[in-house]
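The chains carry the letters A, B, C and D, assigned in the order they are written, with residues numbered from 1 in each.
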Amino acid sequence: MGMIGGGKDAFIGAIHRIAANMDGQIEFCCGALSIHPDIAKESGKMLFIPEDRTYLSYEEMITKESAMPADKRIDFITIVTPNFAHFAPAMMALDNGFNVVIEKPMTFTIEEAKELKKKVDETGLILCLTHTYSGYPMVKQARAMMQEGKLGKIRKIYVEYPQGWLSKLSEREGNAQASWRTDPKKSGKAGAMGDIGTHAAHLAEYISGLKITKLCADLNIVVPGRALDDDGAILLKFEKEASGVLIATQVAAGEENALSIRIYGEKGGIEWRQHEPNTLLVRWLDEPAQILRAGANYTNVLSSFATHNCRTPGGHPEGYLEAFGNIYRNFAQTLLAKLAGETPTKEMLDFPGAEDGVRGMAFIESAVASGNSTEKWTDFIV
Amino acid sequence: MGMIGGGKDAFIGAIHRIAANMDGQIEFCCGALSIHPDIAKESGKMLFIPEDRTYLSYEEMITKESAMPADKRIDFITIVTPNFAHFAPAMMALDNGFNVVIEKPMTFTIEEAKELKKKVDETGLILCLTHTYSGYPMVKQARAMMQEGKLGKIRKIYVEYPQGWLSKLSEREGNAQASWRTDPKKSGKAGAMGDIGTHAAHLAEYISGLKITKLCADLNIVVPGRALDDDGAILLKFEKEASGVLIATQVAAGEENALSIRIYGEKGGIEWRQHEPNTLLVRWLDEPAQILRAGANYTNVLSSFATHNCRTPGGHPEGYLEAFGNIYRNFAQTLLAKLAGETPTKEMLDFPGAEDGVRGMAFIESAVASGNSTEKWTDFIV
Amino acid sequence: MGMIGGGKDAFIGAIHRIAANMDGQIEFCCGALSIHPDIAKESGKMLFIPEDRTYLSYEEMITKESAMPADKRIDFITIVTPNFAHFAPAMMALDNGFNVVIEKPMTFTIEEAKELKKKVDETGLILCLTHTYSGYPMVKQARAMMQEGKLGKIRKIYVEYPQGWLSKLSEREGNAQASWRTDPKKSGKAGAMGDIGTHAAHLAEYISGLKITKLCADLNIVVPGRALDDDGAILLKFEKEASGVLIATQVAAGEENALSIRIYGEKGGIEWRQHEPNTLLVRWLDEPAQILRAGANYTNVLSSFATHNCRTPGGHPEGYLEAFGNIYRNFAQTLLAKLAGETPTKEMLDFPGAEDGVRGMAFIESAVASGNSTEKWTDFIV
Amino acid sequence: MGMIGGGKDAFIGAIHRIAANMDGQIEFCCGALSIHPDIAKESGKMLFIPEDRTYLSYEEMITKESAMPADKRIDFITIVTPNFAHFAPAMMALDNGFNVVIEKPMTFTIEEAKELKKKVDETGLILCLTHTYSGYPMVKQARAMMQEGKLGKIRKIYVEYPQGWLSKLSEREGNAQASWRTDPKKSGKAGAMGDIGTHAAHLAEYISGLKITKLCADLNIVVPGRALDDDGAILLKFEKEASGVLIATQVAAGEENALSIRIYGEKGGIEWRQHEPNTLLVRWLDEPAQILRAGANYTNVLSSFATHNCRTPGGHPEGYLEAFGNIYRNFAQTLLAKLAGETPTKEMLDFPGAEDGVRGMAFIESAVASGNSTEKWTDFIV
């Protein structure tokens, strides 16, 4: 693995490294960790990267790594720069034969997203998009139950993602995370909807297996002085007559990272909360609700997708880093299988990719368009 | 107290009686408990009502009770008939000098609601509307904290009311509650939005102290064969730049009566869940969240409105019936004070009335209008 | 109903009145509400008791009521005085043909308890002991599941009752409740073990259906200056090889009234917490845990004992007062059936009586004996 | 790092590897992974260990690694064999200058434990004992609050560790974990008390800062056919007049790994539950309870010991593997500091060591002695 972005003090780069390290299957070999040479070098040192593979730009990294012999060269590149700097290194990486892991949202614009997907399709390389929350075992359990029809036809999907960390104008107080995320030049057309709304939308579609078809968005700038939405709510229509609500806000003072989803079908419903991710609550129409727990050794309850993504028995809580690690592990297992000429299992192949990235960008486009419209419903157009 | 409606097998009538009995201040003296004479008589017997005060119509009851001497005559009449049969007995009761307790929604149409409010204003009599959930002590605590500005300027209001009991076409299977509630002739213009959406809207306005100004509604008939909405979600705009979301659905399979509300201000937020009503979760921007508990003996934390509406010390859970009882008790205390020529305290006066009833009907009107509109926003017009 | 004790400012008297009033089946007719004549009279007035039935001593009340004609005379007497003043009025009431409701612990000493039970047996009258927590529907559900063998042979019983209200020497600061409860002359041999340990022991035996056979107690006076235990823990042996732990403390600072119980059998376990009493958590060996909810309309899950003791559908939380009310209602239904010459149902008959009272006193005796012993195990002797 | 034990299919070996890998500071270089040569070799291959450092016995590994040049040789050895096979490799490792990480309980007997501690003291090498649960940030927060006196003088300590996985005689059904843990020859004098009771006792002493002085144990073999206790409860006395209860059972059917602890002082109490480890509930005598969350950015609430052991901001749940990783990370940071001639910070030094190991073994000895005694109290003797 080589990493672009993610120098010291970056949030998500450190997370990617823990996720990649965790299972002992991925070696962190090189990096272009910062556009500031000093930070790049210092970060490389801290991370035990050899000096000669500590690069000062992604171009240098991709060029030099390409020139290395196959058995020494990295197999994939992880891109953890701010949104506006995803596309160019991703394209160059693919052009040079490297598989890619990329932080969401996949690109800055939907046009870039489509172009990148086209490149992935052409090259046959693997692009993995780190929609972390789809890596949780009980999210996969929920999806499996939906696909098996356990809850009957899906009727309602409520997904919400309240955070409170932008309740004040923190971007003016030296908060680097807040700074680029609230800057349209670095973040893109949307603020909260791009940063966390895309996670919520992805989770809704991933678990339900249904695509959003129409939306009606109320996007707000709650904290005066901002250029991008820091809050929003969207009424949703899905395929097959399902409907729902998506809430994404970063001004819910006191909330941490309280992503949650509830989906109801004819026969029952599921509820999953990211703060307690090892539990899936399943309600039934005429029976008591059940508490499904990750890692538990029930007889014939947990899907292979859930068990494949656990490392410990029930009662040993796994968390955000393990969910992130699952995406890396599934990507790595798929890559290893491919390199070995084997067919990856369906459980390995279950990680987000370029198609999800395009839908994510389309979600941002549609949400912003609807937010600006006086019409009630706006089509979700990819 | 005399009761109109609420014969044996009626749900809400029995609830009203427990609520009224609980504190030993209200005597149940007479009733016109059913339009079916047999049921009316049998119900009267079961409820220990003297035969000569077991009436066969509300007209008979009001006429005969009016004719009784002041010291024997009832002081107020409780109306627990289906929605379409609220207005006429309420008007007749007021016209004959009786105070009135009335189940929500107050009337069948908004015109009736306005006329009834006018009558209340003219007569100076008391009308109490049983929006039960505003009777909970921790709801009152939340309201008090808002009014005192503890959470700063209010930004977001999320209220939801998921139920699952109409997930099937129960009205065709002999469920009497389902039957009238899904019948436009008995229930009114709205189904779920009238039955439970009005509770949610009232709770949001009651706690926040802010009025809804605009709404954007998606109302659905999820279960085929119904004539009225059994599901809906509404984007809301409130006074003073607050905004929010209201969800009301009766097809969330497996949900009981899961009314909940979250309100966020600049400094923190509150969360209250009806299923565990003695707890109010208070989040703070830079401090740990707090768990406020009804009846607890904190130093200077609980408002007089919260403590006035508790009967037991902390850890002795009070519930739905006590919340209902609080509305009756406050109404009764206000009435007793008035009869005694005294001024009721502000805590006693804190129960819903005709104004809330008019706003409830306006909410139904506006929600249905918005549901039918292709425009995003519809004004909330009273 | 006539009441002995429970004048204004008394805690448990007010609770008894609400519980008795709630269902409209019991009329509060007379009282000897205080040994202070002024308080007795004032309390009678506040509670709408006729002046001629507001008595100044229990002897006066029992004597005068006995002399009244059968159709005017009360059917039963409720005794809510401090522990030391239970026995005498209870004996006199029974001797004069009145049924009795009595606050727990039943008497001051075990000798009194046995004598009282003997009197009950001789007279054939009904004695109801208000072990409130056995009145909750989900407690009854747990008991029913045990009796039906749903969880297999019972192995472990953990019951705990932490409170924090005696963390300070409140009895020296004018707290009337603390004052008599910490006074050996009014409370009896035990403090916390008598006040709340007896509830815990009763709950354990009631749900499990197993009797305690041996105990090993560690009783402590944590707050210096007290004469009675304010804290304790007991290792327990039950019939049929079950064992367990009982914790009762009144110095767990910050705890309210956090009675809870967990019982495990070969096939699964139950957990019930008084603070959220409408939920019964049921764990299974190889299946997901289930959340059973009071009032829910499952297919064939809730026992008739659970449904008989609910007043509302699922999601309308009932609490402490309803649990108390259930004891009164079952007692009253049993009494009415008896007066009508009918056979009460097994659900009606399910309220604590003299036998439970004797075991409660034996528990206190045994716990104190064990607390004073250097032997590990002390027999539970009745 | 070199590993002794932990071949494929071993539970705890895999956990140790993830924990060690996670932060990219520890390289897994060699192993004597099984006493079965085939498994040792196969496991080495799976774990990317070079063939020439895949050893077939711990003696071979220690001998050969000692002979390597300092810059290639491992710095420490992790021992994850069953209890009976801890002592010999640990002694040999220390004798050859290797630091040691060792799974708990430290040894098979208390004599071994004392000898091992002596060796650690003599060599000046570091021994790290993986009492995982002390690695959680909110456990460290609880400890810090105790040490700062935030809760006043400690009065009560309740720690419990219910599991259900030995509810059946699984050791006869091919469960390898169950097999050695229930075998006195491999596990030691105690079953449940050794396996999980030691964790509970360590947690109680670690958080409270108080040492156990006396105990009164009830140890049981609940499932017939076992040779060691699978269940137990212990009354505890601590230094400074604190007392408490410890429950450890592996027959609580349906329980996972539900370690929890509550400690009450004069001013309030803490509660921590391993299943939701990012939350610390803090109760106060006269104020609402607070919910402290790992990673949250409160003003002056979280201790440096809590923040040092977090990798992510609030709302990104960390779990069992991160807690385990914290022990490795603190050990590694201490080791690196030492190697660099620097002084480790107090936060780095905060991991369990030989002293904890001796106390753990003494706990097992004392618990078994008390279990066999008819005296109520047995001294805790080290």
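Quick note on the criterion: contacts are C-beta pairs under 8 Å (C-beta built on N, C-alpha and C of every residue); 3 or more make two chains touch, one makes a residue touch a chain.
Fair warning: this is a prediction, and the values are worked out from it, not measured in the lab.
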item	value
Touching both chain A and chain B (chains)	C, D
Selected interface, A-D versus B-D, where C-beta contact pairs are more numerous	A-D
Chain centre separation (chain C, chain D; CA means) in Å	43
Centre-to-centre distance between chain D and chain B (centres being mean Cα positions), rounded to whole Å	55
Rounded Å distance between chain A and chain D, as computed from the means of their C-alpha atoms	34
Multi-partner residues of chain B (each touching 2 or more other chains)	255, 289, 293, 296
Interface residues, chain C side, partner chain B - complex	11, 14-15, 17-18, 21-24, 28, 47-48, 163, 165, 255-258, 274-278, 293, 295-296, 311-322
Residue numbers on chain D that touch chain C, as the complex places them	151-152, 155-156, 158, 160, 164, 167-168, 216, 218, 220, 222, 231, 233, 235, 243-245, 247, 249, 251-255, 262, 264-269, 283-285, 289, 373-377
Residues of chain C touching chain A in the complex	282, 286-293, 296-299, 301
